[in-house]
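Here you go, one structure.
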Amino acid sequence: MTNTRTVELEGHIIDSGMMQQAFGIVMDLGGEFDVEQFDVGKQKDKTSYCRMSVSADDEKKLQEILHELHQIGANLTDPVDAHVVPSPADRVVPVGFYSTTNHPTDVRYNGQWLSVENIEMDCAIVVEPGGSTSNQNSTSSGDVVDPDAEDGPRAYTKVLNSVTEGDLIVTDEAGIRVKPPERPRDSSGPFGFMQGGVSSERPSESLIGEVADEIRETKEAGGNVLVVAGPALIHAGGGDALATLVREGYIDMISAGNGFATHDIERGLYGTSLGMDMETMEHPRKGHKHHIYTISEIIRAGGIAEAVEQGLIKEGVMYECVKNDVPYVLAGSIRDDGPLPDTITDTIEAQNAIREQAHQADMVLMLSTLLHSVAVGNCLPSSAKTVCVDINPATVTQLLDRGSSQAIGMVTDIGTFVPTLAEKVLGEADE
Amino acid sequence: MTNTRTVELEGHIIDSGMMQQAFGIVMDLGGEFDVEQFDVGKQKDKTSYCRMSVSADDEKKLQEILHELHQIGANLTDPVDAHVVPSPADRVVPVGFYSTTNHPTDVRYNGQWLSVENIEMDCAIVVEPGGSTSNQNSTSSGDVVDPDAEDGPRAYTKVLNSVTEGDLIVTDEAGIRVKPPERPRDSSGPFGFMQGGVSSERPSESLIGEVADEIRETKEAGGNVLVVAGPALIHAGGGDALATLVREGYIDMISAGNGFATHDIERGLYGTSLGMDMETMEHPRKGHKHHIYTISEIIRAGGIAEAVEQGLIKEGVMYECVKNDVPYVLAGSIRDDGPLPDTITDTIEAQNAIREQAHQADMVLMLSTLLHSVAVGNCLPSSAKTVCVDINPATVTQLLDRGSSQAIGMVTDIGTFVPTLAEKVLGEADE
Amino acid sequence: MTNTRTVELEGHIIDSGMMQQAFGIVMDLGGEFDVEQFDVGKQKDKTSYCRMSVSADDEKKLQEILHELHQIGANLTDPVDAHVVPSPADRVVPVGFYSTTNHPTDVRYNGQWLSVENIEMDCAIVVEPGGSTSNQNSTSSGDVVDPDAEDGPRAYTKVLNSVTEGDLIVTDEAGIRVKPPERPRDSSGPFGFMQGGVSSERPSESLIGEVADEIRETKEAGGNVLVVAGPALIHAGGGDALATLVREGYIDMISAGNGFATHDIERGLYGTSLGMDMETMEHPRKGHKHHIYTISEIIRAGGIAEAVEQGLIKEGVMYECVKNDVPYVLAGSIRDDGPLPDTITDTIEAQNAIREQAHQADMVLMLSTLLHSVAVGNCLPSSAKTVCVDINPATVTQLLDRGSSQAIGMVTDIGTFVPTLAEKVLGEADE
Amino acid sequence: MTNTRTVELEGHIIDSGMMQQAFGIVMDLGGEFDVEQFDVGKQKDKTSYCRMSVSADDEKKLQEILHELHQIGANLTDPVDAHVVPSPADRVVPVGFYSTTNHPTDVRYNGQWLSVENIEMDCAIVVEPGGSTSNQNSTSSGDVVDPDAEDGPRAYTKVLNSVTEGDLIVTDEAGIRVKPPERPRDSSGPFGFMQGGVSSERPSESLIGEVADEIRETKEAGGNVLVVAGPALIHAGGGDALATLVREGYIDMISAGNGFATHDIERGLYGTSLGMDMETMEHPRKGHKHHIYTISEIIRAGGIAEAVEQGLIKEGVMYECVKNDVPYVLAGSIRDDGPLPDTITDTIEAQNAIREQAHQADMVLMLSTLLHSVAVGNCLPSSAKTVCVDINPATVTQLLDRGSSQAIGMVTDIGTFVPTLAEKVLGEADE
């Protein structure tokens, strides 16, 4: 095994599981490791450090191992620059392009560490060399260049369809540092009660209380709360409670689809959701007529905001969004009726709108929608606190598998979750 | 097709689906029908009547068809007596024994219609001829004999393991009348909002309100409410709310297992459930130690009632049962730890105890347990109102497939369901 | 109740459940009925007939009842023309527009019954009056006008976003006839084994055999088989078997998304699916790199067909589609990476492409995708035989709830279903 | 924090996750740790060693931490004897009793390490001091005493209900060593492909092939394969394949319930399962009559073996068990009909029979039954290879959460799994 590189891990690498993962990766992929230095944090506020050499039979296998080690935060020790290769064509990446994680990432360029802007998963990193006055000597190795600095080099993510011919794309693993979030060595912090994973066999009302606390803390800290919501939320009777949370200022953005908005507005216009009276639950026969009427009426009005202004819509989640300047993205899908004029029917355009929301969110509540939750989750950095709620454990698991490491899942009934949550957020806010 | 018999259907046979089922049975099983008379109820309070002859190629097939028609309430017109055959041995039924439905059933014996006592599914019917003074001429054909009459003939169900050699067992389909419950031709009645089936895409809180109304109405009418509960109810934080409902007199009987009682008592003794603190949700590591201790302590005390008397148990569902004389059955299972002294470890004996409860219940709440719910459901007559609540739709579906036609299912989180239910039952009770 | 109308039901209205539904609708919606005539089919090949008057307190309620009766095939007796009202604006329907079912439908216009073309759910019906030479007297009442007749009046469905200002839109329920499919009074026909509903507790291999038979019979009858497939099919190892079915001519169209096609091609290019080696199952770590590469390479080639021609893609489902001229629609969604050049990113445009496929399908296999299955299902007439396969019962139930009455669902593992299906289709084809 | 103890961890403590868990436990439970020595295994075949002191505010908290550390294999360094306290009464454990894990465990008694016999979870450890001739000086500290040695001290597990007054029960954590299984630092071993966890998005047929390989390897190594099976296996059509595996000698023991055996025998007697013809799937109406008949006939015969001898049962899983001397345990449950004479109706007695099977099993297949799988899993040592198969992911997850660390789960259709498995086991056996 003559193919060898040296990597470092630093931080709470044992209790965050990073060390275990690192050993596992090398062994699973058929490599060998040799621990050169290992300093264990002796108490819980001390970090650990590991330097080990990794070797494999051939360079290809070694690259695979290094790629995987990278994903979890094991970085090459070599203080070399990242390789950049111009993109050969629009929407085509060079061979060996570096595919991002959703963790904070730095790229070394001209001896400087650049913080990668707008980090999200599965993107390419594009480096912009910056202005004519080269600043390659202005910072010492190890410092991270301020991305807001005028005219300096920058690094940022691009999804495949935004890649343009000639973009300088980072390839391989050299010159890249990834910092996955560490599990706090103290369980008393927010969300410490779960440290990720799906809840099960836990008291539901206490768990909802923890989520309520987290929302309030996020707002008190000036953070943004993004709600991703599916139509089941309205059917299940959670509309009023969510509208209240919007009105009271706890929700900063909403990401949903055509169905969610239409059901919400239908409830306001006709008191029904897909034809069912939400109070008496009478007339439960299937009938999309109110649904189509609702869309038709909003089209006639010119859009949701216009319908609110014209007094057509007088209540509901969308009404409160318009009245309280809470921005929303309605992304189209192939199962939509209509759609509403506000719905973005092009999926690329919709992804861009979702991406913008996701990058501003400090906390995300994913409520009863797999499609929109995955779409938002794809754009989230691992630093965004995420709560996934669905009655289907498969949905929650799928979201968490793709999600950031702080994501927590809760398998519960959205129809009791949202009212209970609103009660706890508002009740505690009064105290 | 020379094998022909005539059957009658009467009641709301169209809107209850009975007529559709009847035609379906004959066709599915390869028979033929000839409708001799059909009088449709012209308005919604009028019943319909159908008399048709059914024929098949051979007698065996005809018997199969008649058996299936029987299950849904199509009765033979022939005013003949039921056949009774002595059981050849203990726990052995004669060939062709009649297997019961869970619907009210009459058996014709010596020209009299006897109402079958303790009706439940999949049983044999045993006829006791009664005293020496034959009363075979004392009632006119069509009248049902009062089962409480002294010394008269009686008919009642027996499960297989209760059958004794020489028992007079009803065989074939002749001389038997079954009356399935009809769907009321008016949706405003109790549980009219669902008429069976699993809820989906309905407002959860409104549905829980309907269940609360039904509990109150059952109690006001002097009926008995039986709760069947699984350990998940305690883990999910529903224990306090259920204890309150017991204390306030809304629950008349509890059917559960060793795990439910132990978790409930553990919560009282140690504030934990399987080792997790129910308030702070701290110490969530797996540990059965408190669980085993709990059982050990109750064994030392001599049982649950003794532990309450000795002041060892001071709160919880089991505590309230003891204090309020609410009887409980704890049925053993092969996954039990311990068990508690109160747990009935023999499954036959446990079934008998469950059977007794089931026969007294007017309304049954099945909460988060498949095993115990199926066991109770097996013994329920179709007249018992049944609500099945579980977060797993497969559990709810499986229960309803076996259940009576009034059973309704709700897929929701037991941890929010029970507190919301208690609030609605008690809140409305105050008004 | 002075608001009264008369409706007729004809066919196997009892054993298809239509009569039961009709009574249920009137009662649930607070109306009254009076059966004026009821002729029951005396044997299983005889149809029944019912004429009844329906009344309600107010006209609005009556219209609701009539609307619902309509959905199930109870038609107004009045030989009046349908009302048509010009659409007030693009994508706006007139008040009281008639919303279609997915059943064969006729509209009465100028005394003629027009068969509505391209029937699907939740659409408006547009009437085109036809040429200058009025043919309004040329057919006797009751005949259906041939839609292919030159210059005659036509009726066809339009989804909301296709409605143009001035379109003559059918409103109310008068002058419309709906013919839901009847359950055959003989269970031996294809799919007779299930008559809709989700399979459970049935032998899986026998059920798959029935589906295989149905595919072969559809092909022998010259029908079209449409496969709707999700990416899980590839992950679960069903790709080879599906490719074989395409190559052997049993699949006529494929409806899928960007993810399905990319995973399929990735498997061909790299032997992996989302980075996992499909043979050895080694390297199971998450890595989207191959996924992004695959898309990038197909973009570079210019599209899937081009990549096949250039020899880049050498196997798999998409390869066989290109080689065997099996058309495919790849509809975009907001969770897509890339996308591939073949993916239709505008959801309206994608729906149109899906609609075209759906209208040509005689049999539809929906395999492991909720999103695409719902989208296709929305466009299907009730005459298309539909099989939904998913390991998640919630997905199957949701599809069937929206689907046509012949739809059957099967909860099984797609990874064993597709290979077993292919074996049975091809094995039996050899015999 | 004056309450301090020192623990050691040894083995592949990083890549097995043990070190991470240990730090987590101390921090979660509010303690402190101080790593005194840490020697990391520098290559993958080298073990690591950690000695650290653990402290807490009070002794109670420290004991909790030590208890949890124990569960994962962190052992106290003090070479003291275990405390033993006589049980105060039958079925009552002394305060502070040591509750077992399912890992290999040693207890120090009179300076000797005794290997605990019949290790399983949640038991007490009983020490038997042995004969009059004290052998306390006969072995040097650190050696494990051979449990088969005549007259020497022994240690073995007892479930709560077997504890007898005066039993010497081990309490606290001192003098106890636990050795959890380590993840092999090489993924090529059996079951290396999964290393625990639920499969998802993996090729089903390849996974089944791995299970088949494991069965063959277990048999070739002279090991015992235990099948735990639920009635769904028969309904789903897996009976023939399982019967074949029994006949061909791949299954050594079967653990099931009354329902499984009855459905299997019913299929043999009547060709039906709960009344459904397994070939034609005709007559799928609900009917327990064949079910009850089956039990009745077996009762008449005197039992399953007698019915086989009398020629009544001629095929099926139970038939093959009798013919091939494969022992089976049929454990009773409260949802049973009948039961069969072979069914053990007392749950304690049934647990004892299950326990005996479990202790002999080297590999366990848990097929479509939650109840019986949990019961068996409760008795399994962590060294038994376990595969859980169910279509419901919740069942698989629940089993794995309780199971040993080598347990793997597979969410698939039992009706295609068993035939495919049999094909792969037998096919490969031929090669």
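Should a chain be cited, it is by its letter among A, B, C and D, assigned in written order, with residues numbered from 1 in that chain.
Assume contacts are C-beta pairs under 8 Å (C-beta built on N, C-alpha and C of every residue); 3 or more make two chains touch, one makes a residue touch a chain.
Being a predicted model, the structure only gives us computed values, none of them experimental.
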What chains do chain A and chain B have as common neighbours?
C, D
So, comparing C-alpha centroids, which chain is the farthest one from chain B?
A
Nearest whole angstrom, what separates the Cα centre of chain A from the Cα centre of chain D?
40
Could you tell me the distance, in whole angstrom, between the mean C-alpha positions of chain A and chain C?
35
Where in chain D do residues touch two or more other chains at once?
28, 187, 282, 394
Mind pulling up the chain B residues that touch chain D in the complex?
25, 28-29, 64, 67-68, 71, 88-89, 91-93, 97, 99, 121-122, 124, 159-161, 282-289, 291-293, 295-297, 299-300, 331-339, 345-348, 350-351, 354, 370-372, 374-375, 378, 392, 394
Which bits of chain D are touching chain A when the two form their complex?
14-17, 19-20, 23-24, 26-28, 32-35, 38, 40-44, 50, 183, 185-187, 200, 393-394, 397
Could you pull out which chain D residues touch chain C in their complex?
187, 193, 201-208, 210, 232, 235-237, 273-274, 276, 278-279, 281-282, 284, 391, 411-417, 419-420
